[in-house]
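Following are the structures in question.
First chain A sits with chain B, and in the next complex the same chain sits with chain C.
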Partner chain A sequence: MSPDGRHRSLRRRRWLERFLDGWAIYRRNPLGWIGLGLLALFALMAAASFVPPLIDPMYHPMAGVDPEITSSMGPSLRHWLGTDFMGRDIFSQLLAGARVAFLVGISAAFMSVAVGTAVGITSGYLGGLADTLLMRLADMVMVMPALLVVLILAALFGQLNIWTVVLIIALFRWPGVARVIRAQTLTLKHRPFIEAVRVAGASHRRILLRHILPNVLPLSFLYMTFRVTSAIMIEAGLAFLGFGDSTTVSWGMMLQWVWKTGHMFKAPYWLLPPGLCISLITLAFYLLGQAMEEVLDPRLRKEEGGVG
Partner chain B sequence: MGLWRYAARRLVQIAGLFYVILTVLFIVFRLAPGDPVERMVDPSMDPEDAEVLMAQLGLDRPVGVQYLYYLKNFVSGDMGISFHYGEPVAEIIADRLPNTVLLFTSSTILAAVVGVLLGKRASWSKGRSTDTVLTFSALATHTVFLPWLALLLIWLFAYRLGWFPITGMVSEDVWLDPGATWWTRAVDVAHHMVLPLASLFLIQFGTFLLVMRSSMLETLKEDYILTARAKGLPERVIRNHHAAPNAALPVLTTIGLSLAFSINGGAITETVFTWPGIGRELVLAVSQNDYPLAQASFLLIAAVVLLANLVVDLLYAVLDPRIRY
Partner chain C sequence: MFELEAVTRHYAVRQGPFRTRAVLRAVDGVDLAVHAGETLSLVGESGCGKSTLARLVLRLERPTSGRVRYRGQDLWEMDRDAVRRFRREVQMVFQDPYASLNPRMRVAQIVGEGLAIHGLARGAERDARVRELLEQVGLPPEAAGAYPHEFSGGQRQRVGIARALAVEPRVVVADEPVSALDVSVQAQILNLLQGLREDRGLTYLFISHDLRVVEHISDRVAVMYLGRLVELAPAADLFREPLHPYTRALLDAVPVPDPDRRREPRVLEGDVPSPIAPPPGCPFHPRCPDRFEPCDHRVPELRPTGTARAVACHRCG
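Up next is the complex of A and B:
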């Protein structure tokens, strides 16, 4: 094995060890288990969303209409959660909504965390004018209410498709991550091992990518779970207000249909499921994040009780 | 004196930020597809009136001059004429702003006070069932989907139980009755406000509770708490006079940071409850392609967020003697 290859496999083993150590702490947290369990359930729903349209075209979440039903009906054997105002199956819509929620949540979170991490380490490592400018920019973006920004862009550019929404959410949700990563980079920058690498003649690029980035990545990953929550909420809010992508079924849009067609007082079977799903999936990611925070921050682990 | 200089510096910074937002909005309005003129002057307007309005907004001039007009008009409060209402945008905004401020500040203050009190309570009984119940309800209300919560509240308390009005801010019969006193009118508004206030309060208080709880747990590890215990002070005094005031400081920061989130929530709440505020006006303006009104509502909301952040920063500086500027 070449020296470089051995180095790589060592590194891989270290990552695995770190992961297993973390997992040992994570698994002791009951709330973390609830989060994981809920996520597994939603992942199952997302995977199952491909099945109903295969059984019968009327189960297609968007285009499928039950030929015998033209209005909203309560749950039955044929439609487990009933039908919406034009006879579409609510259960298949709910499954499709899980897919959209994951898609939006994870892709927006990934992008915003990638941008936030890049800005954070650059700003923290370079310092000086670049740092000031980037952080001022972060301050500005941070105070902008993302939902309303998307709204005003929807007004100007017309109907936004789901990927545009994802992109905008990502572009407005990075400053929080950038601040945390910058603070972490600042503390890393003056650690002896970084100084040692610098003395050994490593380039800035190498120091950043090989030595600082791996040390801030766990923190970025943690922030991703929190960003998933906010991305799902923003997309759902947008869809609820009637500015979602009209070619996809999301939970927010389902709620908008209940509300706008005036079914909220007479169709609880339609009002309850989508809202419950949005709330639970955000709760799940939140619990996941909290349990991970405990893994990454040893100070949170053995908190002694406040009572003396 | 240091505080005043700090306040002045922050004010200048915020004015700078607002100027950037103002400029970006101007550019975005010109970059968007379609005719920018049609976005500021109602296409269905009488041509002669339209010409007057265009001259007034500087839309017949080159873009650079348009920008100067835009700034000048903004400063003098002239934001064009709403397509939908046919009235000056500034008047509509001035009419809606107090309603938003009323709903929003009362819910934020209420949520902060209740969140701090309950967070203190939770930290004090850490590990016991009170703590678990409080923490879990904070988590649940923090992650609940706001419009859904609002709809459920309407369904239960307004529709099934009939305790509160379903939507709106005032009852017409009370406000059109010339004999009604200001007191009956105030009671009428309060009655309409209960449910929107409850929705906003519920999604906000959890954050405060969680922040207060963990900050309190941190504070209780400090040396001066140990000193207080060693002096033999009662636990109640330690908790309320030594720990809580210091632990409450991060809650202030949270108010500032979660403001953008709450503003989103405010727009949704106003829309669901048809509360006549700025957020609902923005949503309506966007769906009706009423560009001047959408632009002005957005700018106003941005200004409110920036100012609220300033207030939070200053409060922080006043309350925390360790911070010296």
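Up next is the complex of A and C:
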């Protein structure tokens, strides 16, 4: 084998090894199993959300109205979880909600973690004035009541598109990540192996991208799971308050329909499923994060994953 | 190779219940020259400023005042190209072989990084160079594919040495290269460094707190105390006849592996004073067994005594 090919296979083996080592720790954590199980369930739901409209157009979560039903009905064989006030199938809405939750949660978390990591690394590495400015900015964003600002934005610009919601969540949730990554960068910056590459004449770019970034990425990855939780909560809150994307069915949106049509205490088959799903997916990502925390670094602190 | 001229490095620190500003004098007016081809050892207790001096010499830190010159050029007046050249010619071996290697990189990447940065070799050529270097420091070529955590301390230090040698430097600054290692491994690493020096005509600035380590490899020895040089002498002279009372105390503290030749150790009393509030006069006078009248108010300068020696003591010269 060529030396290059050998390197590659070595790297592959190494990744596998690292993964298996991590997995060995993870699997000892029963809470991690619960989180993973729940996530698998929700992933299955999200994947299955494409099926009902194919069976019959009346199962389309948004546009599919059962022609024979004009008011909210309880569960039946035709509609497993019943229908909403205008005869749309709640079960297919629930499945579609899972898809939206993953979409919003993961993309918003990814963006906020990407921004937070970039800011944290820059701030920690540069130090001095740049550090002060970036961290004060982070403080300012952190103390802003996210939900309130989003409400004001929504009031100003009218209906928000789902991607706008994602973007806004990302914009508000990066400072926490930035602070943690900055702290980690600070501890790395003065490690002898970084000093060694400086002595070797490495540029700042090289030091940041090849030496500091790979050492903070596991931490960023961990933070992503916590950010997913908070993104889903924020989206659900916005949708419930009526500031979500009205063209998308999300669990928060379903709750808003329950509320607005006055079925809050009349239709538990309609109220409970989306509410439970929001709680459980939040819990699932949180448990996943907790278990991964143990794998990545036992000394890491926990982070809250609430709204705002 | 290197000339240090009245080099001072102060740190601003905040201390006490009111976080008052204070100045820590890590290096306080050091004049020193490192000649081409020699091994100059810098010894002293921990906290005496020897590592700071190394960092100043390596251009990792800027002196508060004074100048550090490399081959006549001030380190902080160099242009980009000169800095690049400097980074190739001056390399470092670190104290802690565990912390000085990136845990997420394989040995081939660690050792080959300098080659990559300076564009000296790429691809298969770089791999070949890395293997050659590993062989020179006594590691099997298979080590290239391994991660640092798979090695013992001594082997890691060999990796660190290979990394330093990769760019074919003229000067190697070794900051306590063996103090984190077992005694049996220390000798191996010292022999390796010694051999490499002869093969490659290297200049060493060797930093250590352990006089036993220094004795066999140095041409000259500089003794530091509280940020100042107190004695500078050819190694043989210094070990035969130490002039400064601090040097004598250090030598007395070296255990002698001969039960019949037991020296009466004169143990120094007290601790090293804080570099934030150094004592007036000679920094060593509070602990000095030979202090007399001028010691507590006049700072002794490093004065030449005889040939090639210098000492900073009111008793001598």
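As a convention for this text, the second predicted complex is superposed on the first by the 281 of 308 C-alpha atoms of A that agree within 3 Å, B and C clash if a C-alpha of one lies under 4 Å from a C-alpha of the other, contacts with A are read in each partner's own complex, and residues count from 1 in each chain.
The criterion applied here is as follows: a contact is a pair of C-beta atoms (placed from the backbone, for glycine too) under 8 Å apart; a residue touches a chain by one contact, two chains touch by 3 or more.
Note that this is a predicted model, so its numbers are computed, not measured.
In the superposed model, A:M62 makes contact with neither chain B nor chain C.
By the touch criterion stated above, A:A114 is placed in contact with neither chain B nor chain C.
Judged by the touch definition given at the top, the superposed model places A:N215 against chain C, while chain B stays out of reach.
When the two complexes are overlaid on their common chain A, residue A:R206 makes contact with chain C while staying clear of chain B.
For chain A, the partner with contacts to more residues, out of chain B and chain C, is B.
Contacts of A:F240 after superposition: chain B is touched, whereas chain C is not reached.
Judged by the touch definition given at the top, the superposed model places A:A183 against neither chain B nor chain C.
On chain A, the surface touched by chain B in one complex and the surface touched by chain C in the other have no residue in common.
Chain B meets chain A in the complex at residues 17, 20-21, 25, 28-29, 32-33, 39, 123-127, 139-140, 142-149, 151-152, 154-155, 159, 216-217, 220-221, 229, 235, 257, 259-261, 263-264, 267-268, 271-272, 279, 282-283, 285-287, 289, 291, 294-295, 298, 301-302, 305-306, 309. Remark: chain A residues 3-4, 6-7, 10, 14, 191-193, 195-203, 206, 211, 214-215 touch chain C in the complex.
The touching residues of chain A, when paired with chain B in their complex, are 139-140, 142-148, 151-158, 176, 229-230, 233-234, 236-237, 240-243, 252, 255, 258-259, 264-265, 268, 271, 274-276, 278-279, 282-283, 286-287, 303-308.
Listed in rising order, the residues of chain C touching chain A in the complex are 58, 60, 83-84, 87-88, 90-92, 94-96, 99-104, 106, 108, 113-114, 117-118, 123-124, 127, 145, 147, 160, 163, 167.
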